[in-house]
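Would you mind keeping the following structure in view while I ask a few things?
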Amino acid sequence: MSSEAGTIKLFFREAIARAVREEMAGDERVIVLGQDVGAFGGSYKEFLGLYDQFGAARVRDTPVAEAAMVGLGVGAAAAGYRPLVSITYMDFLMLGLDALVNYAAKARFKTGGQVTAPVVVKTTAGAKGQGVAHSQCLEAWLMGVPGLVVVAPSDAADAYGLMKSALRHDGPVVFVDHKRLFPTAGEVPLAETFGPIGQAAIRRPGEHATIATHGHMVRIAAQAAERLARDGVSCEIVDLRTLAPLDVATVAASAARTGALVTLEEGQLTCGVGAEVAFRVRESVGAVRVARVGALAAPISSNPVLEAAALPDAARVIDAVRRVLG
Amino acid sequence: MDPLATLKSMLLIRRFEAALDARPDRGFQLYSSGAEAVAVGVCAALRPGDQLLSSGRSIGPALARGIDPRLVMAELLGKATGPAGGKGGRGHLAKPDQGFFGAHAVVAGNLNIAAGAALAAQLDGRGRMVACIFGDGAAGAGALHETLNIAALWTLPLLLVCDNNGLSVSTPREAALAPARLSDLAAPFGVPAASLDGTDVEAVRDQAAEFAAQARAGGGPAFLECRSERFFSHSTATRETRSAAAMRGVLERCPIRRCAAKLQAAGQLDAAGLAGLEAEAEARVADALAFADASPYPDPAEALSDVV
Amino acid sequence: MDPLATLKSMLLIRRFEAALDARPDRGFQLYSSGAEAVAVGVCAALRPGDQLLSSGRSIGPALARGIDPRLVMAELLGKATGPAGGKGGRGHLAKPDQGFFGAHAVVAGNLNIAAGAALAAQLDGRGRMVACIFGDGAAGAGALHETLNIAALWTLPLLLVCDNNGLSVSTPREAALAPARLSDLAAPFGVPAASLDGTDVEAVRDQAAEFAAQARAGGGPAFLECRSERFFSHSTATRETRSAAAMRGVLERCPIRRCAAKLQAAGQLDAAGLAGLEAEAEARVADALAFADASPYPDPAEALSDVV
Amino acid sequence: MSSEAGTIKLFFREAIARAVREEMAGDERVIVLGQDVGAFGGSYKEFLGLYDQFGAARVRDTPVAEAAMVGLGVGAAAAGYRPLVSITYMDFLMLGLDALVNYAAKARFKTGGQVTAPVVVKTTAGAKGQGVAHSQCLEAWLMGVPGLVVVAPSDAADAYGLMKSALRHDGPVVFVDHKRLFPTAGEVPLAETFGPIGQAAIRRPGEHATIATHGHMVRIAAQAAERLARDGVSCEIVDLRTLAPLDVATVAASAARTGALVTLEEGQLTCGVGAEVAFRVRESVGAVRVARVGALAAPISSNPVLEAAALPDAARVIDAVRRVLG
């Protein structure tokens, strides 16, 4: 059952299913739209059981039509519902950006508050052997869209808590998970809890350098910190958890203490999460040594050798930390 | 909706746009003149709880849906007293609490939004339905295909109204769309469709009413093609591409004159009566302008409100 | 292409996939077994200068187009000797210099790319055409609508082949697509279409040849729906959702057995002859595996080459 | 005719038309696809005359179907042509991102060099009274896509030269212009010239602060520099001209001289052009005072008051310069 008191060990995918189940049970307006989310239970079983419990009217398999899927969710949201739209991989979210960015993100503003679109677009980022068009991390695009909230949990507890909060938020939320997180397990509170939107978390305290990252990369940061610790280098890991709004205060406070910041993301560095975090931290704490780590500037191949070569790993993070520590 | 009411509604749209167009401060606008019968006919088939969505060409739809001309004028002139406080403006008019879910300036961008609103109406289970007016140009977009397919699969209470004025900016419909009739696009999905003269307000109203009744009864979506005209150039910023001769033919097909003539032939209206209705429309437009003129622009600080 | 050649080609695909699937290092794969007749029948109607595009389910199309199994195996196993040096891999096979323009793993993502290639063929004016194989799931995407419309308007030499195996991952075609027949989607655009049994390689070949001839003669696009089967689960990473009983029915509809039986009935093939062809296919696959195994993985530095 | 020797005064839109005309005349593979690009000559007359000269087969009006427009251009490019696809406003490019990002940007990589897609996607960014879905600047999204070249001319000469180079580039190029630039005029060389891709230009030399910007904002920067000059503050204006690849060297050298950097863009700041420029400059010159200027974090209304309030103007640039000069 549980290793710690008051918690239960759940797989990341189970934590998502639990959050959606609780919200669907408590609020009729919550519905799920997506490809193979019904009896199949989702590509990563993250919706398992919802169809049996809530039925075909509230858990809807859709055609392969991402533009309409997002549009339907946004439209139903603007009409008073709270749909969760599952876009299997973030690469395919491009097909639905018009409804998400041109409509949902602007609905509240352009109607002077008459309309809000509380839709949650859940999508899976990251590379795991599926190639150039099934591996991208586009969080940075969404961070720059006023009106969108973007959350990116790194463990089961946050997958649960942030999904709960996302489904209660009164505007569009993009919930970004990762292929490599679904099979990971973690302790989740037995009691109903809500993850704080806009609040980063310090996953590991440290003195010499701050590593600011999110999602699956938090695990890579932990590996790097472990190895650096053996050499007496102590890293503080800040899990951003929410990318929009960004909790600069927590990262800045940490960087101010350590004096060194390494940003880590799986996606592209150019105009990426790290560039933004670095800028905002420097604005608020002035002189701090900074380095950023991300994917190589190339498409991500499904080839095992090339994928591994392109993605950030502990070794690269360690190099970056040593660089900023000069 | 009685015949005189539809005529009144069309006259209001025509006069409203003429007055707005005469304003040096009107900015970028898209007009509905020539297609009044489409919006008015469709709205005659809608009930208070229903929702209407439209393309960026939304003055006709908004007024036909019964939104106070004062509010529409204020919004279009960027005044704080508009329903969106002047933030939406041209192409994004909205008053959902009165059944106008809103315009969207992205061509075909409102189709799947409308399907989502129809899904909400279906889940509500109160016999409400949704109508979405889009142009012929939007019929070339994949959004129509995805929306027709899902609306048919889920029998959504959705009336798709194609306001086919035969043009997308400068591009003739024949050069942009292969189908012989745009309403044919509904057939593969088993969605009932009709194609009719969009300058005949009664024909539009009757067909829309039939489709609306089907939708409310759980019969699912329908597709209504209305062949209308565009009396102005595409927008106030776009040069006219049609010849003077062609324009004469276009202006011939006036939905208002057609409606008025029919009422006069039927003895339901005489010259004096028509003059009276025109004067009434003029007065409402003058009042709307006065209201907008008396209204302030939004405070610049509003640029940052209603964002998240 | 003579009947024995089509049978050989189908056998190669079947044995190739069986051998690949048996490899612990095969990674994530999508198989064509059950739909061999679609790719082989279509390719029998193509000429050297023509181009074939496919969905991510591309082993059948690549081999049917005549790409050396050694190259295909090397690419799928991530070896540097693959046509893309192992960079494309599953879902992105390509050998344009041999008429396989390429696979694309985004569902429906290759449709308008194929139309662009067809536009190039039309501008070249050398009687070349383009065929694009996509799944039934892709028929729900707006890309099909936009591609059909433009291909029809511009009479592009494009053959759209829907490999309808009745499933999109776990979702039955009936639950995802409203049309009674997917080939009906072509009708509004005036695009000729046919729907046939995709396990009958001769039927596919003959209809594809007719449409290809039309396209070459300037007759424009066509839509060919082939009702096929999927013998494996959606992908090597996807759990099977069909019952054992259902699978028995699926495996019944084997395009290879059907083709072999027909040839035997016609006296063009005997048991020994069939065994010989099977052994030949086995041998080619074994050779392909040996080639791939003897090939190196790409240098990690390749991760940064061919980017801009 | 001409104010300087060897040049001719052209409107920005005429400079584009000239470049496309020359390339079409010299290379049969160059074709134009877009809405109302034919007899109408383009929304801003930037294609005027091409239809009459080259005919309907090479200058093609398309339906309103951005996804297919980009896909057709990319497909024809991969098959050996050099299409220019006109996407009226950058907001609508979202509808075509799948073909551009998932296919074109990766075609060369995923085929191991067998296929390249020399397509030019020309699109218009920026706000000019057209509202929330017709005003966006999404250059930063594209900068982070490996395989894409992004150019953004600020005057007629570069519109001409960079369009020429874009149409000769052997891969996908996004050519970003701006609604407010079309009616501006400038001197363009009479002789055929090619704008250097990947090379920024110093538009105004200065000593105290560097302003790095692109497109229409170069004109705003010039206004700010003029006014600051009156107070004895001398600004160096670097026109990035190409956003991908980014010419960091030129900006860094300037910032190293002046010691202060202000980045200016019309789009959103978060994960924007300025964040990237600032990071890269700091990487290469170490300590430099930096500030960034961009739109307010909100949708851009068509409302004259609210649009003006949201967009960067000379006053804000001046404030930023004074801020970095402490």
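We just call them A, B, C and D in the order they show up, numbering each chain from 1.
The criterion applied here is as follows: a contact is a pair of C-beta atoms (placed from the backbone, for glycine too) under 8 Å apart; a residue touches a chain by one contact, two chains touch by 3 or more.
A quick note: this is a predicted structure, and the numbers were derived from the prediction, not measured.
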Measuring between Cα centroids, what's the chain most distant from subunit D?
C
Need the CA-centroid distance for the pair subunit A / subunit B, whole Å please.
40
Please work out the Cα centroid separation of subunit A and subunit D, and write it as a whole number of Å.
31
Go ahead and note the Å separation of the Cα centroids belonging to subunit A and subunit C.
36
Junction residues of subunit B, two or more chains touched
86-88, 92, 104, 106, 109, 140-143, 146, 149, 153, 175-177, 307
Can you list the residues of subunit D that touch 2 or more other chains?
62-63, 65, 67-68, 91-92, 98, 102-103, 109-110, 131-133, 146-147, 297-299, 301
Graph shape for the chains shown, where an edge means the two chains touch. Line, ring, star, complete, or other?
complete
Parts of subunit A lying in touch with subunit B, wherever the complex brings them together:
31, 57, 60, 62-63, 65, 67-68, 70-81, 83, 98-99, 102-103, 108-115, 146-147, 149, 171, 245
Subunit B partner, complex, touching residues on subunit D are 35-36, 38-40, 43, 61-65, 67-68, 91-92, 129-134, 296-299, 301-306, 308-310
Tell me, which parts of subunit C touch subunit D in their complex?
51, 82-88, 92, 94-97, 101-102, 104, 106, 109, 111-121, 123, 142-143, 146-147, 149-150, 153-154, 305-308
In the complex, subunit B touches subunit D at residues 27-28, 78, 86-92, 104-109, 137-138, 140-142, 168-171, 175-177, 238, 241, 297-298, 300-304, 307
Touching residues (chain side subunit C, partner subunit B) in the complex:
140-146, 148-149, 152-153, 175-180, 184-185, 187-191
